[in-house]
């Protein structure tokens, strides 16, 4: 078990470096000096100073090394546009809100999606089954900006139940997190239903029934446990969706988070921020994958020994 | 003495989109206390479905027991609710399945899987249940039982896993053990061991047993009575010795004739006798005798293609479903 | 009666008559057609695609003509989808937008397939240490959000065109396809007929080309319809954020963005392109399900 964990961790480091390299390379392709891209004209002397400060006159691999060094010490560099703030400042301020949004969205997804999937599987081909699967299909297909707009229109504007935008009181947090949680919800419902149906067919479930165990025990101990394992591994791609979706949701609901800031930074050509945020988000995803893999190893004893 | 299990005219059909599959269409069985009934037949003849029907383990859609009775120890199993059946399964009737590699839950230790059945039916507390579980493992021949309780199934070989499955089955001393092809998925050397184990356990715990197999050799060794199944019906049933010495049904004769005999000098150099043709499609089985198409004795002029033969007692204890049992055939004039 | 005659009688054929067999693909096609949901989805999908191609050609309206007097009209006979804030006919624009959205969708999906197939096939076929390394790498990259990378890629190029979108969207989304292809290749590799081919000395590229890749086709077709929704939605998201296709060209996403401000009074401007996206995505999902059932019917039995 320990060997498995160590192996996984060892593989993470080169990947993080590679992602930083990829981002860095992409950034460097933006022709010319990033400073020249900013809206405000910068006097030549100041420009030369800035270039020296940011090592832009050194060869690319030195810059890369400096940047990596910075990242490993937690320094993501300064903002190119907001001269008196660093990327870290921005992150510290905006990131917690995005995290909160993401966690709440995930909460909605688990709270509504998983039970829906379980019930649908226990009563296959019932009206509940068809109904919930229909809703989950729709949930996948509808673009979240449409859902957000419709929700705002009906819940906020027409019925005045919840505020339209912002992120201050708990009422503010319901609509955005629900909107973001819809796709994960649909995903969980489908996934759980699928894994449960599959597990219910397994021979060992038949053995459990043949032992005369109460059906409730068969479901909770034998079926659910084994069905929920794949759900854990699904968490990783969902994180990707939550990050992506947050860009839109934060935009529409005016949530002052990282997603919204990313788009602002791109439009403002603050490439330092863009790069820093990209690196940060990537590292988070990679770490999340690591955690999920380790969790999977704990939950399913077979993988520990198979994956050498 | 009334038999422990009496199955009368059992019919289990599967209602599928393609039609109704009449998997079990006329099965009569009787199992005496402490005795072993062997059920033999080719793949697809309905042996497993019969066993699962007795335990009511088939998913109710699409399967359904359309008629017949299953009488176990004075209770009628076909009318019980699932909850009532849960009390009988594992406690009065237990089952051993064919594939040991998939019969155990891979994410639970075998100790847990043993303990849960002990706690469920015998109400033992955790400690007592674990002790009893270790004893059971020893009884089925697993060394270092106490330590292995905490192992997961993937740490056991196929033969070992089957022993564990058997241990679970006999844990609560059931009156009847149904073993559905318990050795088919195992190596030949292990097969003999498992069969011996079943024999020993049966004697120890005084269980009745139903042994389902397609292997005549297994049945010859272990069974007291033998029932032969074909296309969803029982075609012959007799005590083991009697069946092998004086088979009546043409199918049974053909099965026995198909067994290679290395001792017979005349058999050397001759082809193995196979039964031509294939079993009928159970979606649309013949209305009359199901074996008629492959039977060497079925003529066009007699009742075989028209009327279904009924199961009758030819001799005391020897039942046959055929219009041309061996003892009633006219000798062919030379 | 001889044994052969009996056997023939039972099988219902004259002994010696040729047996008509259908190929795997014909079977799958027939199964697909029987699945009503998938059939409906496929038809709707086709309808939309054809509509997008044909409508701008036959439409009487100029999609780029600005005519403020006609602005914000609701659906009517003259304008089945109404008009937008510039008075442009939405039906024609939707069709044009569809051309771009669907085009980008397929383009990016094919790019994903290409990258995924190469990566997955190499990894699966070569196996061993290379496979291990490639897969570890993939595992760690798995789930990286494509949006930031897509945005970066687009920022590099400066202007956003059809092809830059295609590249941007595909570069960060090929991981699942690679995994799927690799899994399929590995399964196929273990088949005895591959071992037999190797044993007779067939060269590796022949094995890959003749035996492995054709059998992966089924999985690939399904993957197309699984990846398509993600890509289409991705393009929509980017456009909605203002980082997508430049005007006057429009995709469904950018049309939705146009309608964003006026949605309270004139919801149709945002609703229509969004519903178009949703319909296409829904159809793609159903088609993928249908294909999956058609190619591997075992999974359907409950």
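We just call them A, B and C in the order they show up, numbering each chain from 1.
The working rule: a residue touches a chain if its C-beta (ideal position, glycine included) is under 8 Å from a C-beta of that chain, and two chains touch if they have at least 3 such contacts.
Every value quoted in this text rests on a predicted model; they were computed, and no experiment measured them.
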Original post:
Measuring centre to centre, with centres taken as mean CA positions, what chain is farthest from chain C?
Top reply: B
**OP:** Using mean Cα positions, find the chain sitting nearest the overall protein centre.
**Re:** C
Original post:
Between chain A and chain B, what is the gap in Å from one C-alpha centre to the other?
Top reply: 54
Original post:
What whole-Å value do you get for the distance between chain B and chain C if each is reduced to the mean of its CA atoms?
Top reply: 50
**OP:** Could you please state the distance in Å, as a whole number, between where the Cα atoms of chain A are centred and where those of chain C are centred?
**Re:** 23
**OP:** Over in the complex, which chain B residues touch chain A? Could you list them?
**Re:** 55, 57, 82, 85-91, 94-95, 97, 99, 102-108, 116-117, 120-121, 152, 154, 165, 168
Original post:
So in the complex, which bits of chain A are touching chain C?
Top reply: 11-12, 15, 18-19, 22-23, 26-27, 29-31, 124-125, 137-138, 140-143, 145-146, 149, 153, 157, 197, 236-237, 239-241, 243-244, 247-248, 251, 262-263, 266-267, 271, 274-275, 277-278, 281-282, 285-286, 288-290, 293
Original post:
For chain C, which residues count as touching chain A in their complex?
Top reply: 136-137, 139-149, 151-153, 155-156, 158, 229, 233-234, 236-237, 240-243, 253, 256, 260, 263-264, 267, 270-271, 274-275, 277-279, 281-282, 285-286, 302
Subject >> Residues of chain A touching chain B in the complex >> reply: 202-204, 206-215, 217, 221-222, 225-226, 229, 299-302, 305
